[in-house]
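Presented sequentially are two complexes of chain A, the first with chain B as partner and the second with chain C.
Up next is the complex of A and B:
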């Protein structure tokens, strides 16, 4: 029977259905817009296979920038990930029980410190330290300014430590308690429970935590731009001032007027979006596919 | 336990090793933050010029974050609810992947896109451009935490409500969102906290400049951008340190306050 109330309910549910579908389509639309805007700007570009990135000369090779990104990210994550994982294991499995929650909160609090603050710290303290102590100790011909890959990697590592540690601690907290109980009841020591039960159960999700750190390090623009020196020559040494894919956007985007320059930066942005988005999607997949707390 | 002799004793004697390694690693994780706070405290200066800059930047940041979130929150919640309540449709799966990808897109890329979309056509830096950029950064985070929250409401509760004839709209607003209301507010606060510290989306959109003077169509000073730009000026060290210290205090306070309520978005 089609009375007014029924009709109204019908109308309401169909409006709600359309709104629902529109809201489901929105993330896809935003993603397509981002890619579309960048891709249309990137079309102006003729070649990227240059070994230099020098807008003044009209050369837009991405290799120096990719090298800078790869070097800073690898060093930073190589330093930060093992330490952060060990700290997370200690905090969530071995530390005195009363310390665990406060320490995990502290990791999260530190992870919330904005990148720009790490950049300011890097500028005021890491760069002078690298210039005065690290570089003279490790090289015979110091460059004397402290800006470069080494400083950027230190700042990125400092940022990644609490980030990876807090995600890893959360992952370990998510390992179901009955697994630990069973192992303990079989006579395993605390250490054997961690190494033979908890870590294997959490392995893929811990990998996800590290992948999040990698994604963040690759995409970090502001903090890196503040300490890496902003030169766009191919780096030849660990203390060379250079730039990264993300940092070059900070320095150059608004000044870019030549269509090829804009195009090159748009390609850089596309590459960054692909790496960051890919790392995030992979991390999400790894973080969600293992035992969850019951 | 005398039969355990050699093996047992060795195990006990090495028992301290994981603790030493663990505490060492913990120290390495915390050391940069300690150095960071010490460095900033050393350089903070609270004279009238710095305080005025701080005040202007705080007002600007509040305006930008509230505008950005007023765009991102309703849209993000709607998208998140759709993904969580239609787990099997193709659209929802696509949206879920898109949200995951978007939340990994570096914020500098979002800044570049907002510059191309809003600043280039209008021909000037403006507050709305910055708000759009911030909203684009916050949207996937809001959507993702909404999805996680809604998905954490037990299925039987939802099924019971639906079987009693409650409309799906009511189920969404009254059951799903309100049941997790406190946690939702907490994760929105966390998103606001992250927006407060963003430089990259604002650098090319709202840029920097004078205090907010009532017009939205002009560049405006904001906390993180001002801290970033001050470092590059010869006498801006104290300003940069003060703004940074304020950011650290604000973000860590919010993060620690909301932590109890917020679920892990991971």
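Up next is the complex of A and C:
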């Protein structure tokens, strides 16, 4: 016999089932839509291998942007990763126990600051500092404006540092306590435990934390656009104004009207989506590795 | 099946309306006529003051203006999601082709670009003078120092700093870049070849900043810099403005008088320009078409008074009135707009 309560329960579970399926399908649908829209816009495009990205001249080569992205990301991660890893070791292994949790929260908080705030800081602090102090100290012919790879890399380093550090600290905290205890019981010093036991056990997962930082640096748009000096020319020096894949999107999308320009931006967006997805996949792959004894 | 009071399509239509209403406030209330406009950021204040003044005459009309950039406005017009677009430059052939329908491009106000510099050493010195030839060579990177002979020749009474030039340009697409490159390219084949003409260009040595206020702020903060911004931005940022000569003519500053003279006679300040309203010649329906036609006729008539030099609205918007003749031409074009053969201005 079918009573009302039973019917209601059945209805609820089938509604829940449909909702569940719908929300599972939604990200897939969004992805398909993104790729579809971008790919259809990208079809309008003729040449991407050009050495210039110059919408007014109808040239849409991605090389200058790829070069700008690679340069800023490499320098930023080169600056941020070592510092972040040292900070993570200190926070999770060496700092007084009472400090560890507040410090870890600090890193997470810094990582959660909106990118545009880093951009403002870059624009008003980093750019003048690079212009007045860093560039004159390092080159004989300073360009005199401070916008460029150096400033963008500093901003990206500041943004990636807390992200890498907080993930790396979490990775280190995840190294099983018995490993440390065993080493201590064999008479190892605290430093030897860190360098010979904890770090080797966490190595591949630390690589995952750095990959997250790379993903953030590659994909960052507005903060970079504010300090890189938005010129879509292949950089030849550390202090050159240039642009990146992400920055050219934020600079270009508002006013792009010509189909080829829109198409080029769509290709840039696809490339960025692929790099971002790739970096995240790599990061997850490494972060999920179980810690193991060296 | 129990007969329902509301049919299924009606329910879904209401649901859709509700969803749209929640997303966008751009829905006309009952009895209200809504005109939707979108485009250039520069004339935002201009449209706001027009909308406020005209709205008090027509309480049932609502005009929404979204400042999303000239190109964005033209795209919205091509998609028929707005009733008029606003652009700092006339749409080019590709943009006109993208808008499948015929469009009416009307200048609605006068503006001017300033070339602004940051030369901290120059306080109290005579006005800096540049001609288009040297300006083009600065922006192609041929002239890279302030004490270049080409600049010194134009400024015999001014001590020029021994500094590198830092050209500042828009990194985002912008009408100011389009006007600047179009005017310079007409005088400099080299700039036309190596930089091109358009809203998104790459100057070989310039540093890009976002938006006109970004350019003004970057010029202000970078000693040795030179950039192009709308006069109002340069004035607000307190920048030193350069007197310009197009050919061998006399160099002029962008004063109200010189800009007005340039617009009416072609002689005067060489970077004077217009801001344009772009509308489809075939509106989506008679009511909005008529509302738009009346609004534009007002803009080109009494609305121009808001831009008279000295008016608070003129100072806030940074625009000047059109010459009387071109406003009259615009009003005539509006009077010629029809819907199903009926002149739109007859419909009220």
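The criterion applied here is as follows: the second predicted complex is superposed on the first by the 268 of 294 C-alpha atoms of A that agree within 3 Å, B and C clash if a C-alpha of one lies under 4 Å from a C-alpha of the other, contacts with A are read in each partner's own complex, and residues count from 1 in each chain.
The criterion applied here is as follows: a residue touches a chain if its C-beta (ideal position, glycine included) is under 8 Å from a C-beta of that chain, and two chains touch if they have at least 3 such contacts.
All values reported here derive from a predicted model rather than from experimental measurement.
**Q** Check the residue A:235 against both partner chains and state whether it touches chain B (first), chain C (second), both, or neither.
**A** neither
**Q** Once chain A of both complexes is superposed, is A:243 in touch with chain B (first), chain C (second), both, or neither?
**A** Only chain C; A:243 stays clear of chain B.
**Q** Considering only the touch criterion stated at the top, classify A:54 as touching first (chain B), second (chain C), both, or neither.
**A** It touches chain C, and chain B stays clear.
**Q** Kindly classify A:105 by the partners it touches after superposition: chain B alone (first), chain C alone (second), both, or neither?
**A** In the superposition, A:105 contacts chain B only.
**Q** Which holds for A:263: it touches chain B only (first), chain C only (second), both, or neither?
**A** neither
**Q** Once chain A of both complexes is superposed, is A:226 in touch with chain B (first), chain C (second), both, or neither?
**A** Touch status of A:226: both partners.
**Q** Of chain B and chain C, which one touches more of chain A's residues?
**A** Higher number of touched chain A residues: B.
**Q** For A:144, decide between first (touching chain B), second (touching chain C), both and neither.
**A** Only chain C; A:144 stays clear of chain B.
**Q** Looking at A:213, would you say it contacts chain B, chain C, both, or neither? Reply first, second, both or neither.
**A** Neither partner.
**Q** Just to be sure I read the superposition right, which of the two partners does A:68 touch: chain B = first, chain C = second, or both, or neither?
**A** After superposition on chain A, A:68 lies in contact with neither partner.
**Q** Could you pull out which residues of chain A sit against chain B in one structure and against chain C in the other?
**A** Dual-contact residues (chain A): 226, 250, 254.
**Q** Given the complex with chain C, which residues does chain A contribute to the contact?
**A** Result: residues 52-57, 128, 131, 142-148, 225-226, 229-233, 241, 243, 247, 250-252, 254-259, 261 of chain A touch chain C.
**Q** Considering only the defined contacts, which chain B positions touch chain A in the complex?
**A** 11, 15, 18-19, 21-23, 25-26, 28-30, 32-33, 35-36, 39-40, 43, 75, 78-79, 81-83, 85-86, 89, 91-92, 94-95, 97-113, 115-117, 136, 139-140, 143, 167-169, 190, 193-194, 196-200, 203-204, 224, 227-228, 231, 237, 240-241, 244, 247-248, 251-252, 254-256, 259, 264, 266
**Q** For the complex, which residues does chain C have touching chain A?
**A** Those residues of chain C that touch chain A are 68-72, 74-75, 91, 94-95, 98, 163-164, 166, 168-169, 171-174, 181, 195-204, 206-210, 218, 221-225.
**Q** Show me the residue ranges of chain A that touch chain B in the complex, using the header's touch definition.
**A** Touch residues, chain A against chain B: 9, 12-13, 16, 19-21, 23-28, 30-31, 33-34, 37-38, 41, 83-84, 86-87, 89-91, 94-95, 103, 105-121, 123-125, 157-158, 161-162, 165, 167, 170-171, 174, 189, 191, 194, 208-209, 212, 215, 218-222, 226, 246, 249-250, 253-254, 265-266, 269, 272-273, 276-281, 283-284, 287.
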